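Should a chain be cited, it is by its letter among A, B, C and D, assigned in written order, with residues numbered from 1 in that chain.
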Amino acid sequence: MVEHPAHLDRTDPAGHIAAAAAAYRNWGRWGEDDRLGTLNFIDDARRVAAAALVQRGAAFSLSQPFDMNGPQQGWRRRTNPVHTMLDTGTDAVANGQGFPHGIGGADDVIAMPLQCSTQWDGLGHIFDRGTAWNGRPADRVVTSEGDLVTGIEHAVDRIVGRGVLLDMGRHLRPDGELPDGYAITVEDLESCIAAQGPTSRVGRGDLVLVRTGRYTRAKREGWNGYAGGPSAGLSFTTAGWLHRTEIAAIATDTWGFEVRPNEFDDAFQPLHQVVIPNIGLTVGEMWDLDDLAEDCAADGRFEFLLTAAPLRITGAVGSPVTPIALK
Amino acid sequence: MVEHPAHLDRTDPAGHIAAAAAAYRNWGRWGEDDRLGTLNFIDDARRVAAAALVQRGAAFSLSQPFDMNGPQQGWRRRTNPVHTMLDTGTDAVANGQGFPHGIGGADDVIAMPLQCSTQWDGLGHIFDRGTAWNGRPADRVVTSEGDLVTGIEHAVDRIVGRGVLLDMGRHLRPDGELPDGYAITVEDLESCIAAQGPTSRVGRGDLVLVRTGRYTRAKREGWNGYAGGPSAGLSFTTAGWLHRTEIAAIATDTWGFEVRPNEFDDAFQPLHQVVIPNIGLTVGEMWDLDDLAEDCAADGRFEFLLTAAPLRITGAVGSPVTPIALK
Amino acid sequence: MVEHPAHLDRTDPAGHIAAAAAAYRNWGRWGEDDRLGTLNFIDDARRVAAAALVQRGAAFSLSQPFDMNGPQQGWRRRTNPVHTMLDTGTDAVANGQGFPHGIGGADDVIAMPLQCSTQWDGLGHIFDRGTAWNGRPADRVVTSEGDLVTGIEHAVDRIVGRGVLLDMGRHLRPDGELPDGYAITVEDLESCIAAQGPTSRVGRGDLVLVRTGRYTRAKREGWNGYAGGPSAGLSFTTAGWLHRTEIAAIATDTWGFEVRPNEFDDAFQPLHQVVIPNIGLTVGEMWDLDDLAEDCAADGRFEFLLTAAPLRITGAVGSPVTPIALK
Amino acid sequence: MVEHPAHLDRTDPAGHIAAAAAAYRNWGRWGEDDRLGTLNFIDDARRVAAAALVQRGAAFSLSQPFDMNGPQQGWRRRTNPVHTMLDTGTDAVANGQGFPHGIGGADDVIAMPLQCSTQWDGLGHIFDRGTAWNGRPADRVVTSEGDLVTGIEHAVDRIVGRGVLLDMGRHLRPDGELPDGYAITVEDLESCIAAQGPTSRVGRGDLVLVRTGRYTRAKREGWNGYAGGPSAGLSFTTAGWLHRTEIAAIATDTWGFEVRPNEFDDAFQPLHQVVIPNIGLTVGEMWDLDDLAEDCAADGRFEFLLTAAPLRITGAVGSPVTPIALK
């Protein structure tokens, strides 16, 4: 097997996907009943070590906002969140709301796709030729009732550990922003790690955050196709690296984690098809890495304690998340 | 001012509320523009100290599930979450979903009150006689567009620090569960701290978790009025303690934080009316403290790093949360 | 084939269903591409005749309310409607909402199952052994994207015609209410028609409304299992009558149209399985027939113009409806 | 009072609104407790006469689709409907859904603004300087709990009567489509009535449908600002006509009923401010009048029985509707 071919054949996504899936498949590695995939790489010792990285006590939220001004434009019925009120302060002042002794209250409701803003893809989010994580038939895993096997609730206490930021934008471009369509390669990742120094080493159980600068531009210029349009992102050829580094999860500041347009003529998110159902990798998207990146650039430390628990939504194939990096 | 009167006059909630509000009000303490209240007590040094509490690397999710089997029964239109699928594995297998090269996907949507399960009350959740946190007119703060001033998004990177568990259930009852209607007093809190030992001291900037055992019973026997019905909880008379300890936030394993039925004849959540708009205290409810409590009882250490970031929902007066305790 | 056997074998729902399906199947009757089933029986001449029934100009809404006080208790995630406001009068008065010249507005949102209250079942709502109306494979008809073939939008201009009320409650019981579990037979239907007189004849293209009195009781005594619990309703043995009368649609004042508990030991809505995918019959449920029934009893006329258009929701398998009877 | 001034002063919307409101106000006309406004003009005799208009039995749905491809772009959080499935045919085939004897089912849910597509504005939808229909304080009428007084459920059996189509597009333009910004005047309305002939007369209790051709263009060319952008529509100067004709309701094929941009420099829907809270007129928007208009043009008959009942949503300030015209 050629791990990352010099040349991808743009006309053969199916062939490349099949080869990569066969090469990097982790099915059975954590038993027949596994629901966690590479999150299994995080263990107590790694969490202790991660907590020991906290030196200054600076906390960074890596979440984008959740509101109607978000990037969604309706692709596959993904909308922006609709947040409405059940009770308000205007009501409390106007009519007392039926409560005694001057208490008043406000209360609210949200309707949103679970992947409308900063999120994790669960293991049930993507299938490879009808098969879900660990080799299960997709139609036995995710029905209209949700993910009956690998729902994101199983990961609820698992995503806390050592985070490491690879600031590809800063590493590769003076303005800190990769151009749309830029496919980040293994060489790019390794040269970034080398340049950023020892706090950037990547290995088993790490939670790797890759900043492209795509969201930085969106904040400055407007969404302009952030959700589904062109963007820098990981090359399909990084599949082997994602496998052999034994990272626990990866997240980016882009909509779709991998480079867009994809690197094949007629394709849709081919790297997802390898990493989620085959490697068992948990993938995060639409994170805001800018403040953290600024801080890392300033102090030269690219590692931190990262806590990024999904909501415990039974049977969900994705989840909004508020990742917190603590340095 | 009598801090915690020997006898509450059950017929005068308004009088007691007014007195406590006047006594413990923190308005202006952090400036005219403050949006955080007692969360301001958490600082970098406290976060460093909290991270240093991590010894074994054990992680505990303190979240209840989010699904249709939850406790809500429609009070003030609060329902359980409705989670529906936009795409499924059954579709992927049946018809390919229109995607190329054998990729398939599942995607989902949720509709839920922000306080349907494990949550934080934001500072805009409760008003005292028409006034919100920091003395602002409630109808200037929370309209149908949400909380325009103290929306929970402002707290997104603030709720990480030292957590301390006060296991009142275990402390006061052999079976670990307080009876419904039991009002936890300052004496109870202090005796629990004394009994649990030095890892339980409570002070400035702490995130205090109070376990009553109410949720333990709900898991065993069914909800039976968990949402809004009788429950143990904090006595109205703890308002002064909540103020003078300078804790940053408090959370319980109950629906409503304070004891129910409330301690006045005709009342509704009088302690809320004092602590949220007046003290500026962030309050969590419907947490699952059982696994953590078991662990604390076993190792005798009741303090830990707690990360409990709300979702960054613009203008929300509450938020679902997945609190993670790391010991 | 025995049309309505003297004795149903309670242990063999599958056998009875298979026999009835084979006997009454209308597949292909209106061509390969049909999306309407028995709604095809309504034609222009019948609509003219139906309009001619209007003599007094009395209009009756046959809709139950849509709100949080409805009957749903979460079965298969069916909830009651959640209606929330985007803008209110309290806001308009408090802050002007940012509009000029003193205009103010209120606006609202709803989240609801399409079958939460008064509704039509679409032809894609029920399948018989994997097959949908007109013999189509169910997995080609209804995916996560909705009903791709027989969505209720196709019926949007079809459900207007002659309505006829069969007031089984009044016919069979002095108090006008059938007991739970009462299975309405063909003999019952025919004796009601005979008793009510010539305005009650039932034939091709008619929209038949069957009142049991179940909702009358619910209004008086509370829901008590209205959604899914015991109820009078049509016997499985009426399948042949529903077929040979060539009615266009049928609706009842009950949750589930057919008698509950069902007439087999281990069964779920067996008559649905025959009439929707095999006969192609459109079925309405949770209608309020009481005011209309009172009026019909008073004037002795049980026929009227009925307009009951579903909402034009693309791909829906059911729809809320406000049926209007005009006499 | 000058009923329709030769010249509107573009700088004084407030003055014109105040004058028109004072001149045309119907407050108290139907008693202090009225919840229906001009819908009171429809009576039994008019419904009988309307039913007598049915000659050919042709039925026309006047509804636009309800789906994600609708016109909404998020203005004031109005989105397009999100329709999701609770159960599907792919599930039924893949796993049987836990049902006995081969029955399978599909079920669905919708989340939508009540004014996202073809709809009625309820009387609580618009306020004039803090006052709602019949002179009630807006903050006593519409709170976060909905319209407590004039909710659209009160109109549920009221909107059936004589419909009359004024096809302004065909009347004024060879291609049948008025240009954006065209303000339809009283002279235009009257000349259309004269040209269309006696079946177009407009009077007490009528349900008037005004076709501009705006939706015709949207179907051909895409939405292009249909929701909130420029459009033909009624001139502010028609307020007197809308009052003195004593029509029961009016509906158009446009987003906003009145001409856009509005006829004042700094204004928002000034005609709404007069007709809804002052005249008590029920207004429909986003109707599809094209098929009906074609038929009317062909047979020269512009009147018909119109049934357009709102959904019975408790406390709603608007409602989706499937209007059915029967000729």
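Definition applied: a contact is a pair of C-beta atoms (placed from the backbone, for glycine too) under 8 Å apart; a residue touches a chain by one contact, two chains touch by 3 or more.
This one's a predicted model, so the numbers in the text were calculated from it and none came from an experiment.
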Equivalent interface positions on subunit A and subunit D, same or different at half: same
With centres defined as the mean C-alpha position, give me the subunit A-subunit B separation in Å. 28
If you average the CA atoms of subunit B and of subunit C, how many Å lie between those two points? 45
At which residue positions does subunit D touch at least two other chains? 77, 82-88, 90-91, 93-95, 109, 111, 139-140, 143-145
With chains as vertices joined when they touch, what's the shape: line, ring, star, complete or other? complete
Sort out for me which residues of subunit A touch subunit C in the complex. 82, 84-86, 88, 90-91, 93-95, 109, 111, 144
Note which residues of subunit C are touching subunit D in the complex, please. 13-14, 17, 43-48, 51-52, 54-61, 63-67, 69, 76-78, 81, 83-90, 92-94, 99-115, 117-118, 124-130, 132, 137-147, 153, 156-158, 160, 264, 266-270, 272-273, 305, 307, 309-318, 320, 322, 324, 326
